[in-house]
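Below you'll find a set of structures to go through.
One chain, chain A, appears in both complexes that follow, with chain B as partner in the first and chain C in the second.
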Partner chain A sequence: MNVEIDLTARERVPRWLSYATPVLTVLAALAVSAVVLLVIDVNPIEAYRLMLIETPTSEIGMADTLITTVPLVLAGLAVYLPLKAGLFNIGAEGQLVIGALAGSWVGLNVSLPGVALVPLMLLTAGIAGGALAAIPAWLRAKYDVNEIITSLLLSFVALQILSYMVRGPMRGSSGNFPQTDRFSAAATIPELFMRVHLGLAIALLIVVFTYLLMTRTRLGFEITFIGSNDEAAEQAGMSRYKVYLLVFILGGAFAGIGGISEISGVQGRLRAGFEPGYGFTAIPIALLGRNSAIKVLLASLFFALLFTGGTNMEIFLGIPAALVEVIQALIILFLITGEFFKRYRIDFTVERDPTPTPSETAGGDA
Partner chain B sequence: MPESAFLEMQNILKEFPGVVANDHVDLQVERGEIHGLLGENGAGKSTLMKILYGLYSQDEGDIYLDGRRLELDSPQDAIDAGIGMVHQHFQLIPRLSVAQNVVLGEREPATLFRSDGESRLPEAVRSNGVVQALARRFSLGLDVPTQRIDDLADQYGFDIDATAKIWELDVGQQQRVEILKALYRDADLLILDEPTAVLTPAEAERLFDSLERLTEEGLAIIFITHKLNEVQSVVDRVTILREGKNVGTATVSEVTQADLAEMMVGREVLFNVEKDGVELGEPVLQLQNIHADNDRGIESLSGIDLTVRAGEVVGIAGVSGNGQKELAEVAAGLRRLTDGSITVGGTDLTGAKPKRFVNNDVSFVPEDRLRYGCAEDLSVMHNAAMKEFTDERFGSQMGLDYRELAAYAEELVEEFDVRGVRDVTETNAGDLSGGNLQKLILARELARDPDLLVANQPTRGVDVGAIEFIRETLLEQRTDGTGIVLLSEDLDEITDLSDRILVIYEGEFVYETTPEAADRDRIGLEMTGGASTDAATAESPQPIATGQDGEP
Partner chain C sequence: MAGFLGGLLNATVSAATVFILAGLGELISERAGVLNLGVEGMMLSGALGGFIVTVVTGSTWLGLFAGIVAGMALASIHAFLCISLKANQVISGVMLTLLGTGLTTFYGSRWVENSIDGFSQVTVPLVGQYLVDIPVIGTALFSNTPTDYIALALVPITWYFLNHSNMGLELISVGEDPEMADTMGVAVFKLRYLAVIIGGGFAGAAGAHLSLAFSQLWVPGMTAGRGWIAVALVIFAQWTPSRMLVGAYLFGMLDALQLRSQALSFSVGADTPLAGIINPTIDFLMNGQIMATYPYLATILVLSYAVIKTKSDRLAVPSALLQSYSRETD
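Now for the complex of A and B:
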């Protein structure tokens, strides 16, 4: 039997396919996940109804989804902007954490009225995130050091600094937990509606800002060009150095703001391990939404739904958290694979040789 | 006389969405001939050959080789039928030896599993069908009959050591390895896709010699090109394609270059462009004692002095790799100097960033279009505005008006007759053919009305119609008072366009002349360093009495 697999790049993606792909891939992922659910004796239809229909339509579920969207979309933009300039920022996690840490320090140690304190916290968080992101960008622009590795490793540095600070200098007075004191009312980001805090509005403003930056400004033109062919761009007089630093610092600042809004707007105190790796989830978000900042927002909403819907499945159906993560991961994997199939066509050809009898086989090889 | 030709392609039709790439094309090739396939970019040459090599399948029509009808579903079928193809971009693995590369496509299983010959595996295991099938798929035998390959190389006069690694070979030798690959698989018909595009003139001559030997052995060769002088020097018969149709087949000795060009382009082509007299203005570029390294850190410009005045075309001739690329990059501000100074229009720009060169009205047409000239994944609009987007008319300060950009791009596309653009914001630069992309780049660089234009190989890989257009445009720009540095390996181009000719050899100017006084043999000799054994010649750029004494 002879199986041939032919992989050819599509010259043009058919219109129906570009719309059908995300739907079909999510359905396929759900079908595979259904097997997992059946094994532990949960009705998959009920589970999916809870995750994908009940969560976004119930008031609590929608609020939770929107709250989770804030750090996700900001971290997503932190990956998206460098991606447009042809760089991979794998360190949004670290930038988010360091922003949360620096902002929390200001929130706990500076006494000002809320109208001044919250903006100062956001600003500090942005500066801290931007500063951490500047390191891999500068190393890349100046010495051509691979930014994937440096930004990733700096994330672990940031996580360890956080771990030290909440156990040491910033540990709260109440007991031995690795966490700070509760924020004062002045240091809390005010609520907009149904527990959703002002951070959502800030995040949306930043999405609009990024969208305008990329589609309406000279800088956006330069970022796009350098991301596509940096050598031609330099020939045209654009500066790689400037653009590399800019996209990383802006991105890092966004992630930092995302970090502090999660702490100040939702959790009220800084803890070690306060978030389930939003900065890493930001990578598939940016990859899915790489065509525009608006698409990054849509991808973030979807991932936020996966997070909150997953938690609901855990609570109401008793599905173990690990399995919820399996389902989330399957959906992400299918989505990314789906993108691939959208751009490539795969042909299978199976040729069946006439089944050789054993004597023929021996004779044929002699 | 055989009744039908060795290769018969009959009535081949191939349609792509919206385009008829081959419109009922016939092609006959005899044994022992070099058959040229001539046509502009996009005329359907490559499509026809891809059909013959099994990469595409035709919508209609038949292919017969030696009287047998061929069903070609893949290159493997074509190879089995005795058809070999040398692609423009070599398909070699640099780290492997010549011999290994030659046998790579044979997909022999590793020796351990071979049913013949020595092996430690017991015969019963080796001859098992399943083991054989697995071995053929998942193991690869690279232990090869070096001797056989050496013999084959000798037979055709290729000076190639079968044990050498590919990366050690120069481009000409690598190409011969490609040919060897086809010969090793007993090709009777060899397709060469623009084989000289990557070769220096001397290497091309060697290739032509090799090809003639191959035809003496009875091979048929299809030679794809769009260079007329190559057709004249090596091809026996030529078939011309235009817009997917077969315009005719001619015996080369019976037609002139002008006839061929007319068949190819569909109208009369002027080879000699008229040059108006232009009064020279102020110097726009002054290079003094320029030293610079190449990418590998080896000095490749050793003391270049050059002054270009407004309205002057300075042609720089030389064999590739003698510092032209570096010189062009220095003049465009892209390469760091190790010594010397550079002044553009009276401003000292020694050590300045590319941006300052752009702002001082320097335009650059790079040799490597895809690498430095454009971003192939971005739209025509992006590429057309690559330099001008900073201009005030596209918005004040930070903002950028994309509608204005698109309008500007449309203007350039219109004015410079860039074809194949459906929508400037949707068609990508990489979708354009070589000639049209070059026109787009030229449009971008000239629309800025530069004081200095550095053009490196502006017509390389471009079809005849576009060459004519590009040359005329360059001369128009000269009349408008732009100083032009023209680097080209095409001596005709240099002599046709230049006001002054400089020959570069090993990073220095070794000879200066004018087109009127130019002696082609002398230039050729200087280009190859033939006259530099005479110490005085290398020292001074003055023309010295012509003579053959420099030749060893």
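Now for the complex of A and C:
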């Protein structure tokens, strides 16, 4: 008996499958993580109930989720926009950090009333994030240097600069901790309700802006066109150079604003390692939401829930917060597995009489 | 100063071993056309796996073996996703680093308090004890852990394998032009799997060296970004093992210098012209955190220089890097 496996590329993805994939993906990741939990004698059902049901239904949990969404969605857009133009920005982490750093510097060293200081901090953060993102974009647009590697490596440069600044020039007067002084009231982003700060409104505005940019403007069309076929787009008179720089700088600016919002709206001072790698979480967020800015927002809410739920699991059940990283990674790994099943149809045919064809005996194909 | 220099060179050799092992693994994988951004995660699982097995069995060699297996296990997920399922290599790699970091932090926290007798320094038989007495360079060259010597030996072995063995040449052809290679009867999928999994084994060995020889302890996240430096190193070395050896020692020395940067102070006399500018600049450049950025900045410069200089037609980067291969014509 001989089982033959045939892969056929699907011409159209069935509707049910495109909805079922994300759901199945999350379920599969939770199932595997349940095994991880069972090994350390934690009841997975109790853990998941706390993380996914009690966290979003309690007021504090809801507020924390919204607060965490702000840096996530802005960093997510920093990956999403270049992705639309066919580029990979995996340096949102660095852009977020450098924005937080530059914005904090303004917040600590410039004295202005809050109505002027906070916008100035956001602007500086945006410029810093955009400037860092401009380096890989320019190298790619002008010389075709791979933007994946350069944007990634610049993230580690930014993280070290943050570490240097909070240990050296920007270290606070109190104690030896690698952190700055607390921000003044004028440098703090105002609270809206329940500790949720104005940054959420700004983030939502940016989401709407990006959504309109991509769906309603000529520029959005150019970005998508260049993303799908850059040579044809160039022949149609569009500038690859301009679009590449634009998507990266805009994205980097968003990530920078996300960074300073987290510092000025939530933490009140800049520390080394102030965030658990939101800029890397931005990659799966953009991947899940790559169809529209609104979906990026939804994906950010989901990952924010994972982070807050993870913190709650740590507080109430003593489960290491590292589990959140595991679940996140598993969701994405299952998601890219799911992508495969969306793209290809697999047929199993069972033959009674094995007559190996030459291509099979030659081997090689997995 | 001689004592400082000797200590620095000792630490450089041990730090370079991490980069040599992880870098060679990444190089093999990339030459076959698969970028592995999961090195950091694979190194961490190698470090923890090696540490646990050493604690439990008391044998560092079994520990090293376990570290290699742990790295290979994580790499096989990468191989399956990127080769069979044609998933995006960047995403799969970054997620495997996340997975490896998460899992090792999750399970590794309770092993932190354990202590081990790691690999100890060995010398060449007979003449070794005299060679070690050579001032400054003696111990750095002739008294090292077995992993240091293994790593060093693996550089020419890898070079020979890639450039002079049939399988190595086939592997390179798979990374350059998989379709052509397939037409010529090269087992594209099998070789890519092999390259990725061997690469993971190297990364696991690098991690095990870190926990069993370099620091002789386990702390979650102890690789501290060295996996990313290994990725950078391969580009810095333009995909050749010999240049990687040089790069590994360069980055290794930076790594060793960082830990010692506070003991260093270079300055010009206060009456020298521009002393007010020169001294703070030196302090800034010799700062541990600032020095930690050099490998990344150097790699970006080398990569950009190489791309601009060669106008991408003779670039060393494997042509099919990041491209998944499928037999259907599409």
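Just so it is clear, the second predicted complex is superposed on the first by the 337 of 366 C-alpha atoms of A that agree within 3 Å, B and C clash if a C-alpha of one lies under 4 Å from a C-alpha of the other, contacts with A are read in each partner's own complex, and residues count from 1 in each chain.
The criterion applied here is as follows: contacts are C-beta pairs under 8 Å (C-beta built on N, C-alpha and C of every residue); 3 or more make two chains touch, one makes a residue touch a chain.
Predicted, not measured: the structure shown is a model, and the values here were computed from it.
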item: First (chain B), second (chain C), both or neither touched by A:Gln328; value: second
item: Of chain B and chain C, the chain that contacts the larger number of chain A residues; value: C
item: Which superposed partner A:Arg167 touches (first chain B, second chain C, both, neither); value: second
item: First (chain B), second (chain C), both or neither touched by A:Leu139; value: second
item: Touched partner set for A:Pro113, first chain B, second chain C, both or neither; value: neither
item: Partner chain in contact with A:Gly318 - chain B first, chain C second, else both or neither; value: neither
item: Which superposed partner A:Phe280 touches (first chain B, second chain C, both, neither); value: second
item: First, second, both or neither for A:Gly175, with chain B first and chain C second; value: neither
item: Overlap of chain C and chain B interfaces on chain A (superposed complexes); value: 362, 364-366
item: Footprint of chain B on chain A - complex, ascending; value: 12, 215-221, 224-225, 228-229, 231-239, 356, 361-362, 364-366
item: Complex interface listing, chain B residues touching chain A; value: 17, 115, 126-129, 132, 332, 334, 353-359, 364, 366, 371-378, 382, 385-387, 389-390, 395, 398-400, 402
item: Partner chain A, residues of chain C touching it in the complex; value: 37, 77, 81, 83-88, 90-92, 94-96, 98-99, 101-103, 105-107, 109, 182, 185-190, 193, 220, 225, 228, 231-232, 235, 287, 289-290, 292-293, 296-297, 299-300, 303-304, 307-308, 312, 317, 322, 326-328, 330
item: Complex contacts: residues of chain A adjacent to chain C; value: 7, 9, 36, 39-40, 88, 90, 139, 143-146, 148-150, 152-154, 156-157, 160-161, 163-164, 167-168, 277, 280, 283-284, 287, 320, 322-326, 328-330, 332-333, 336-337, 339-340, 362-366
